[in-house]
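Given below, in the form of structure tokens, are the structures.
In the two complexes that follow, chain A is the common piece, with chain B as its partner first and chain C second.
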Partner chain A sequence: MNSFYGKEFDRWVKDGHGSSNHTLREVGLKHFQELGFPTTRQEEWRFTNVSQLGKSHYSWSSSTKVDEQAIQKLLDEHRIADTYTICMINGVLNKNLSNFHESIIIEDILSANTDSFHENSISTPFTDWNTAFYNSGLYLEIPDNIQIEKPIRVIWINQFNSHTEVVHSKSHVNMGLNSEAVIIDHFLTDSNYESIINHVSGIQLNENSQCEYIKIQEETSAKHFHSLDVIQDANSRYISTQLATGSPLNRNECTIIQQGEGCDSKLYVLGLQRDQHHVDYQTIIRHDNIHGTSREVVKNILRDSSRAVFNGRVIVARGSQKTDAFQSNKNILLSKNARVNANPQLEIYADDVACSHGSTTGELDDDALFYLRSRGIGLDEAQSLMISGFATEVIENISSESIRDLFTLRLENWLEAKA
Partner chain B sequence: MSDEKKIIDDAIDQEYKYGFVTDIEQETFPPGLDEEVIRKISAKKLEPGWLLDWRLKAYRHWKTMVEPTWSSVKYPTVDFQSISYFSAPKKKPELKSLDEVDPELLETYRKLGIPLEEQKIFAGVAVDAVFDSVSVTTTFKKELSNHGIIFCPLSEAVQNHPDLVKEYLGSVVPAADNFYAALNSAVFSEGSFVYIPKGVRCPMELSTYFRINALNTGQFERTLIIADEGSHVSYLEGCTAPMRDENQLHAAVVELVAHKDANIKYSTVQNWYPGDKEGKGGIYNFVTKRGICLDDNSKISWTQVETGSAITWKYPSVILKGDNSIGEFYSVALTNNYQQADTGTKMIHMGKNTKSTIISKGISAGKSQNAYRGEVKIMKGADNARNYSQCDSILIGDQCGAHTFPYIDVRNHTAKMEHEATTSKIGEEQIFYCNQRGISEEDAVSMIVNGFCKDVFQELPMEFAMEAQKLMEVSLEGSIG
Partner chain C sequence: MMLKIKNLHASVGDKPILKGINLEVKAGEMHAIMGRNGSGKSTLTNIITGKEGYTITDGSIEYKGKSILDDSPEDRALNGIFQSFQYPVVIHGVNNTYFLRTAYNAKRKYLGQPELDAASFMKLIREKMKLVEMDRSYLKRSVNDGFSGGEKKRNEILQMVTLEPSLSILDETDSGLDIDALKIVANGVNNFRREDRSFIVITHYQRLLKYIEPDVVHVLMDGQIVKTGGKELALALEEKGYGWLDGDQL
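The block that comes next holds the complex of A and B.
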């Protein structure tokens, strides 16, 4: 594996890429080569087996042909009313297909210096891999004191021509002082290759800013890896709602650091799993300052032979008094081959705090089903009703009606596909 | 504030009550571990060849293993060659009654408050006392044998009931199970053996008292309890050690086997020397405890109150193999000063309609770290398995930590798995409410903590519940956060 990615890197540089931050890239490559793909013997990867990735050689040629017609078709199919659109094709900004408010600053990530942002985060083989090879990306800034009413939707369309391709994409959002915005990452693809999307992103919330972050992951056959770092300054608010419906392998690593005091973080996840799909949410919420609050709700509904992994850590650092943290992970198993691994963890080093977590796993409640059926509601409908109710706790947190509708529609589609 | 500080300081200054050393003639092996030492231990115990082979096999495997590092406890690496693996009071030949036991020893146990002497017969507790590495005496043997119950030191069981020992030893915790279990299998020198025959309800509580006395020794005892069909037994275990500046290792193995309709209740009050207030000395308590509900309708219940040890690192587990079997785990872990605890349980559901309950209460004070780590695994065949886990922590003072690491693995959709955990400090309103009613701050804290632990204490046998409550009061007096 080592020699392949070493050669790949040399070729990459020869093609004129990676001229910026060359040292950083070399460090990334070195780490990646040293660590290789993780094995299940590593604690963070115990329940998600990616060892087979080491058997193939994944390459990314930036000259991958882009089929514009297909992209237009994809965009039409996934139109969402009342949103700004920023279109990223294979990790590269496409201005022609984008439209957004003039006060939003958009640049290529290579020209905005964001490298120091990830300095303190824990690197994984996937982020190292990304560091070595990413070539472009999105830098998005909401200037100080600006509130953007309409949601800003960043559409990440990745097109592949083979099973052994990888896209290393990257984005950085900078929320200015007192700014407010709704930002959506929407991942789409029209190809049926089992390639890899390796995405690294960061969100910086400056003082008193508010970011509602929504992620919709709808690649159907590609493996999706995403590492997100969120850093919050004093009195900032971060509300995140994520939907995972596709992907045979979907790994999300999310770290939220409350640097300033009085921060509020909310993280809601809805996973709808089927077939042999595998979804893995690794979250860390770090309370590094006083008066912070956090709410985390991760819900999965699984059928067929799908599997959900949740590893959530809430860390309250020494001195972070008056922290109020809550973490909940709930899973519904609809078939006998579905499987759940949950590790909700609390690490608390301050005493004046209120922290709690809960985790439940089971099938739909028999008594509730019986209650509905005794009132003349058929079994299928009763089940759908209960599942919708279960999912609502996540969906209802979205402020934009059109996005809420999209989530509801995806849930309905998923329920219908069951029959 | 200064008042509070004073009270906390007072509580922290509390001396370890059981820290005396008994001056008694001992026979101790020189420190070090190799095959020769194991052969010597085995020879000392007049063990049959198969047991020596078993030990050697475990030792050879242990040599290939590395010390685990995944826990959240931190300690300097243990030098296994600086420990003496066998220490015994010089033996008088053949003791027939308690009168013949060394009076120094009896005095030690009297100080510990163990009802070892005949005069305390009314306490109705049959005791097997293990002093360093050998079992000193077993009381009530005759009455127990009337019921067909075997309760004796493991070494005696090896001589008198070799078939039973051979069948069950290592059947729940295999010799190569983990690093410390393998070490124990190689060098274990004593322990208790209990066999309850079919349909017998053990008429009294059985109890073992462990004490580490000698310097630089490790204690590696091994307990094996077998409850045959329809039997019922309640077993208690208590531990103390003298105050020493060096850390001492205690790596025990406990195996429980419950057959059809059998019921085993295992209670521990662990009060090993926790080290001084600077975190110097104290016992490393690295223990493997596991029970198996082998057949249908059996039940195993672990109750533990952990207040001692510099480091407590153990996970009493239950394998729920038989249908309708039940596993329970009730735990209170209290850490103060520089103590560290990483403890919890494992519940492995394999049979249908199996049930498990986990109630864990952690209290951390001073500069201590207290972690609950547990696993609930519901295997594919475990239809209608049910688990309920509750892990609550209280923090006293802003220098300590409380952590919760549950691992949940569900592979059967008919399972119902619930886990919840909370962490907080003692509410100011609660203290205020008590103050208002003329209850001092100290008493209020003790009351609230005892209330917090009530769910666990009520699972303990009477005498132990009293002792546990007293222990908590001593360890917590006035430490208000």
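The block that comes next holds the complex of A and C.
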């Protein structure tokens, strides 16, 4: 592995890539080569086995030819009303396919200096790999005092030509003082290759800004790795709703840091898993200042032999008084072969706080099913009704009706595909 | 005959609960089954409506002349059997109106009638709600979520008057109700009485029977009906207590 990625890097540099931040890239490459892909002996990878990845050699797919017709078709199929569109193809901005409000600042991430943003986050082999090879990306800024009403949808379309390609994409959102926006990351692919999407992103919320962040992950065959760092300044509000509808492997590492006082963070996740799909949410919410509130609700519905992993930490730092934190993880198993590994954790180093957490995993409640059936509602419909009800607690938090409808539609599709 | 139960024996696991129940309910009749906790009242209700977890070891249950023991709970409901639950279940995230409409339309579909759209159903349910003096705000909530004891029971009776069953079994409908709510619920039931509709009121106390007058009263003890009489039996029980009929404990 070591020699392959070293040579790959040299070849890539020779082709004229990676000229910016060369030193940082070399450090990333070195870390990646030293650490290699994680093993299940590492605590945070205990239930997500990626050791197979080391057996293949993944090359950067940015040079492969982009099929514009296929992309247009994909965009048409996934149209969402009342949204701005920013189209990223294999990690590179495509202006022709994008349209957005003039007050939104869009740049290539290479020309905006965002590297220091991730300085304090813990690097993983995947973020190191990304640092070494990312070649472009999105920098999106909502200037001070600007409120954008229509949701801004960033569509990440990745096209692959083999099973052993990887896309290292990157984005950074900068929410100016008092700014407000709804930002959607929508991950799509039209290829059936078991390739890798390795995405690193950051969201900076400056004082009194509000970002509603929505993530829709619906690559069907690629493996999806995403590391997201959110940093909040005083009185900022971060409301995130995420949908994971199934990829063979979907790993999310999300760290939210409440740097300023009076921040509010919300994280809602809905995972709909089937076949042998695997979804893994590793979340950290750090209350580093006073008067912060957070609410985290991670819900999974699993059938067939699918699996969900949740490792959630809420950390209340020394002196972060008047913190109010709530964390909940709930899973419904619709099959005997589905599995969940949940590890909710609270770490509290302050005394005047209100924190609670919990995790439940089980089948649909028999008494509730009987109640519905006793009203003449058939078993299948009763189950669907209960599952929809379970998902509602996540979906109802989305402010935009068209996005809510999309989540509901995906849920219905998932229920119908039960067979 | 609306309901005919013959020599019904049932157990939970290895434990026999019902030990030979015989009961006949004619169309238009109001029966009361009284008994202490653990006498088998709820088991009898659950077996009639088809809840899983019970083994019927002997006997039969016929509804409108046909055995229902092999029917699913939903089929029994569609055929006109209704249970008002002692503890109505909370179903988070499922809107109460949507639930009511789904149940109502399941019945319409079963009867070969066109389903009602949201607007038409809204009109219908608002009329029905007046019968149980229920506030409209309960339509917007999740099923039974945050409902008080009294509101849950009103919601049960609302479902009864909406689904219009032939046989309604009211399981401990009086528990958890204050006197005003009790009167409203009883009123809802009384206005729903008709010569082609039958009722079984399951209760521990005589209280509810002051407002809903039974034609026949049965006393259930240790899985058997030990006494059957008119409404005066309920009054006698109230006065003398269950010990009156319980030879061993006299």
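Definition applied: the second predicted complex is superposed on the first by the 418 of 419 C-alpha atoms of A that agree within 3 Å, B and C clash if a C-alpha of one lies under 4 Å from a C-alpha of the other, contacts with A are read in each partner's own complex, and residues count from 1 in each chain.
The criterion applied here is as follows: contacts are C-beta pairs under 8 Å (C-beta built on N, C-alpha and C of every residue); 3 or more make two chains touch, one makes a residue touch a chain.
These numbers were taken from a predicted model, which means no experiment stands behind them.
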item: Partner chain in contact with A:Gly6 - chain B first, chain C second, else both or neither; value: neither
item: Which superposed partner A:Glu393 touches (first chain B, second chain C, both, neither); value: second
item: Which of chain B and chain C A:Tyr349 touches, first, second, both or neither; value: first
item: First (chain B), second (chain C), both or neither touched by A:Ser374; value: second
item: Partner chain(s) touched by A:Pro143 [first = chain B, second = chain C, both, neither]; value: neither
item: Which of chain B and chain C A:Leu385 touches, first, second, both or neither; value: second
item: Larger contact residue set on chain A - chain B or chain C; value: B
item: Intersection of the chain A residues that touch chain B with those that touch chain C; value: none
item: Residues of chain B touching chain A in the complex; value: 70, 380, 393, 395-425, 481
item: Contact set on chain C toward chain A in their complex; value: 49-52, 72-74, 76-78, 82-83, 85, 88-94, 99, 102-103, 106-107, 110, 142, 159, 163
item: Complex contact set, residues of chain A against chain B; value: 43, 47, 318-319, 321, 331, 333-336, 338-363
item: Chain A residues touching chain C - in the complex, by the definition given at the top; value: 365-368, 370-379, 381-382, 385-386, 388-393
